[in-house]
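Handing you a structure now.
By letter and in written order, the chains are A, B, C and D; residue numbering begins at 1 in each of them.
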Amino acid sequence: MLEYLKAAVCDANIELQRRRLVIYSWGNVSGIDRKSGLVAIKPSGISYDELTPEKIVLVDLQGNVMEGGLSPSSDTQTHLELYRNFSEIGGVCHTHSTNATAWAQACKPMPCLGTTHADYFYGAIPVTETMSSESVGDDYELNTGKSIVTAFRAADYRLIPAVLVANHGPFTWGDTPARAVEIAAVLEQVSELALKSAIINPKLEPVSPCLLDRHFLRKHGECAYYGQK
Amino acid sequence: MLEYLKAAVCDANIELQRRRLVIYSWGNVSGIDRKSGLVAIKPSGISYDELTPEKIVLVDLQGNVMEGGLSPSSDTQTHLELYRNFSEIGGVCHTHSTNATAWAQACKPMPCLGTTHADYFYGAIPVTETMSSESVGDDYELNTGKSIVTAFRAADYRLIPAVLVANHGPFTWGDTPARAVEIAAVLEQVSELALKSAIINPKLEPVSPCLLDRHFLRKHGECAYYGQK
Amino acid sequence: MLEYLKAAVCDANIELQRRRLVIYSWGNVSGIDRKSGLVAIKPSGISYDELTPEKIVLVDLQGNVMEGGLSPSSDTQTHLELYRNFSEIGGVCHTHSTNATAWAQACKPMPCLGTTHADYFYGAIPVTETMSSESVGDDYELNTGKSIVTAFRAADYRLIPAVLVANHGPFTWGDTPARAVEIAAVLEQVSELALKSAIINPKLEPVSPCLLDRHFLRKHGECAYYGQK
Amino acid sequence: MLEYLKAAVCDANIELQRRRLVIYSWGNVSGIDRKSGLVAIKPSGISYDELTPEKIVLVDLQGNVMEGGLSPSSDTQTHLELYRNFSEIGGVCHTHSTNATAWAQACKPMPCLGTTHADYFYGAIPVTETMSSESVGDDYELNTGKSIVTAFRAADYRLIPAVLVANHGPFTWGDTPARAVEIAAVLEQVSELALKSAIINPKLEPVSPCLLDRHFLRKHGECAYYGQK
């Protein structure tokens, strides 16, 4: 079933390693087929070097395995909560990439300090609330997803396709699994920029709303004029 | 037209990736043929891996496309403003390289803290003024170029071939597209040095004028004695 | 003797270089055969490029060379002290990897600031006491091992398979030589995360005990559910 | 003349690039034949990719070119001053490697913060005095050498084979050109460790004299026991 999706998800997972966003098996990408409601996701603990489309697991939106002989990623319930709540996304990516994870561990939202950030994210990257011991103890991965959804009550997931899960690391998303990985790579780069800019000038303020508008809208929406038509 | 220039501009753009100054399509290099007044520039949003001389776009100094089936870089108007005002340059380069962009985001001029810097830049690297909402809203890329020109009212673009655009990133230039890229690579390295030196010694002062003279003039001007004659 | 062990120890030493945890010959991995009480260890000062299983030295638990024509690592007595005291380990690894060594030089225990850390280490990484001049002057490498054992009086070496030797660098261990190297690679990554998180938020507290439990126990012990069964 | 020396100097210069200690042509290595008093050194401004033993320049201890059609490194007079004053050295290396140069630009001696440092350098790495405008204006490269010699009035160049030239970068030396490059690579690594340790613990003190003794003497002098006999 869904050979195209399993191939795309397999490729996107391998891209994590090519972009140096992961070591060992620290990261996972999924993709959804909205018609059938099936999600293709990396199997748990498998290294990227041995990943093939046949090893990608298909689950339904409740997490039941529909195809595949391996257990799905231990973070599957987080991915599913995002698919259930963010109805327009087609791919989700989770990494422990160095600089983005440093911000997540610091439990700080990452301000928009420049146009590199503004080209992809329409404002600060939200950080989730620290989870209560109840949330951690029970249905932890599902509750991680819920904490992300809560963080986007005050933000639009279509305009800011990334979050920092407190004490943990980044999740990103996009219309395809490949796009979710691209956003993860950009977030890592932007996180390093923000860390270094804050060292050079600790009193730095976010960019002006008009510069944010200009750069984000140059690449997104009806009036976009970046790239080829 | 101008096959040599399109080849040189194509090579210089690919060199950005080889020198690890860009990811995805985040950077662009152009070159000018001063006789015809034509500028060769990277097409917008095209990856370096698929770039060929045939894809390089030729525009005149007002930005009209004279040859090529692709849209030119969205930063074209910034490049053109530099060619119109800095009459001796032959190539312009723009990147989001990590350390130089961190300084640009920090909105701080980068002081000359050592001879590595002094070998290429005759003083601090200027940072532009933050742009007003009018400037950002209207003819943004042109106004970016104007803010660079303004920053060089008090400096000589021939002696300091680089600028930090506030909240954005570096632009560099030289007599050829290849030289503009070399300056971008040097600026990135010098930016990392300055960041790290400032961490080790936060009260650091710029180098003495005589040391600046010695190193810059060792490599530039009539009395240069670095390299082979 | 013990061909399988010498091959595993040789591979694990070469992996140090592949993972960029060492330059020159700065690191060593050993493995033990608990039945015979023999330890296989890297010869001293030999580069990883010329290492072969035949060059691996076999010593007994007192440090007597039992097989091999080369001198064993100068750190052999430290490894042996760990094997004598930590009865369940099968491999030991020592590196000077950049970020873990920076923490060791700083003489600070490394707090658990996130789930990347909690996935592998059940709490802060201990740092040893600074050694007295007597300890350094006499049986230095043995006393280094003793200082590690002392640091684990208040911690369980099975749950925290790493230590920072003050002013020196990290030692890690596991059930096999390969696992000891994996732990060294993870420690290096976690050390960079901790350094960068502390820059972003200097007042950062360790993660909650419940999050530590959840992540460590997700991967270890009877109720582990990460990976494939 | 001196084919063996020119080959060794050529190799050592190329090693600078392999170890990522230089970009472009930013670094130079020389070697001396003490019998004839001739010094082999990199030609100025030549890239490492095109370097061959035939291009290495031979000069006498006063700097007269004795063989070779290219101009010697612009830093030649600094190298010669070191050979004239440090009678036991056989090779000299100069780089602008990132972390060592950051310390040199910061005009701070680099304290011995750990055993990685102590394994190669018997104490802090000295920094030269900032040069006066007279020294910079006249015989600059010779005076750079003199400032290094002055910095070693209170230290032994045989025990600390490296210096940080203020506002400039590191020079290192050893019994051969290859050893001078190895010391440069170690200094770069130790410089990164010191920078990061100081971030983690700004109040850090140097290691104890006894630990310094133990590690330095483990590798050097009559009682050395590191490596193979």
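Everything that follows uses one rule, which is that a residue touches a chain if its C-beta (ideal position, glycine included) is under 8 Å from a C-beta of that chain, and two chains touch if they have at least 3 such contacts.
Predicted, not measured: the structure shown is a model, and the values here were computed from it.
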Remotest chain, chain A as reference, centres from CA atoms
D
Could you check if the interface between copies chain A and chain B is built from the same residues on both sides, meaning over half shared, or from different ones?
different
Length of the line joining the C-alpha centres of chain B and chain C, rounded to whole Å
46
How many angstrom lie between the CA centroids of chain A and chain C, rounded to a whole number?
33
Two or more other chains are touched by the chain A residues 199
Counting only chain pairs that touch, give me the topology of the graph as line, ring, star, complete or other.
ring
Interchain pairs in contact, sorted by label
A-B, A-C, B-D, C-D
Footprint of chain C on chain D - complex, ascending
113-116, 182, 185-186, 189, 192-194, 196-197, 199-201, 204, 207-208, 210-211, 213-214, 218, 225-229
Chain C contacts chain D in the complex at 23-24, 26, 43-46, 70-71, 74, 96, 98-99, 101-108, 130-131, 133, 136-137, 140, 167-169, 195, 198-199
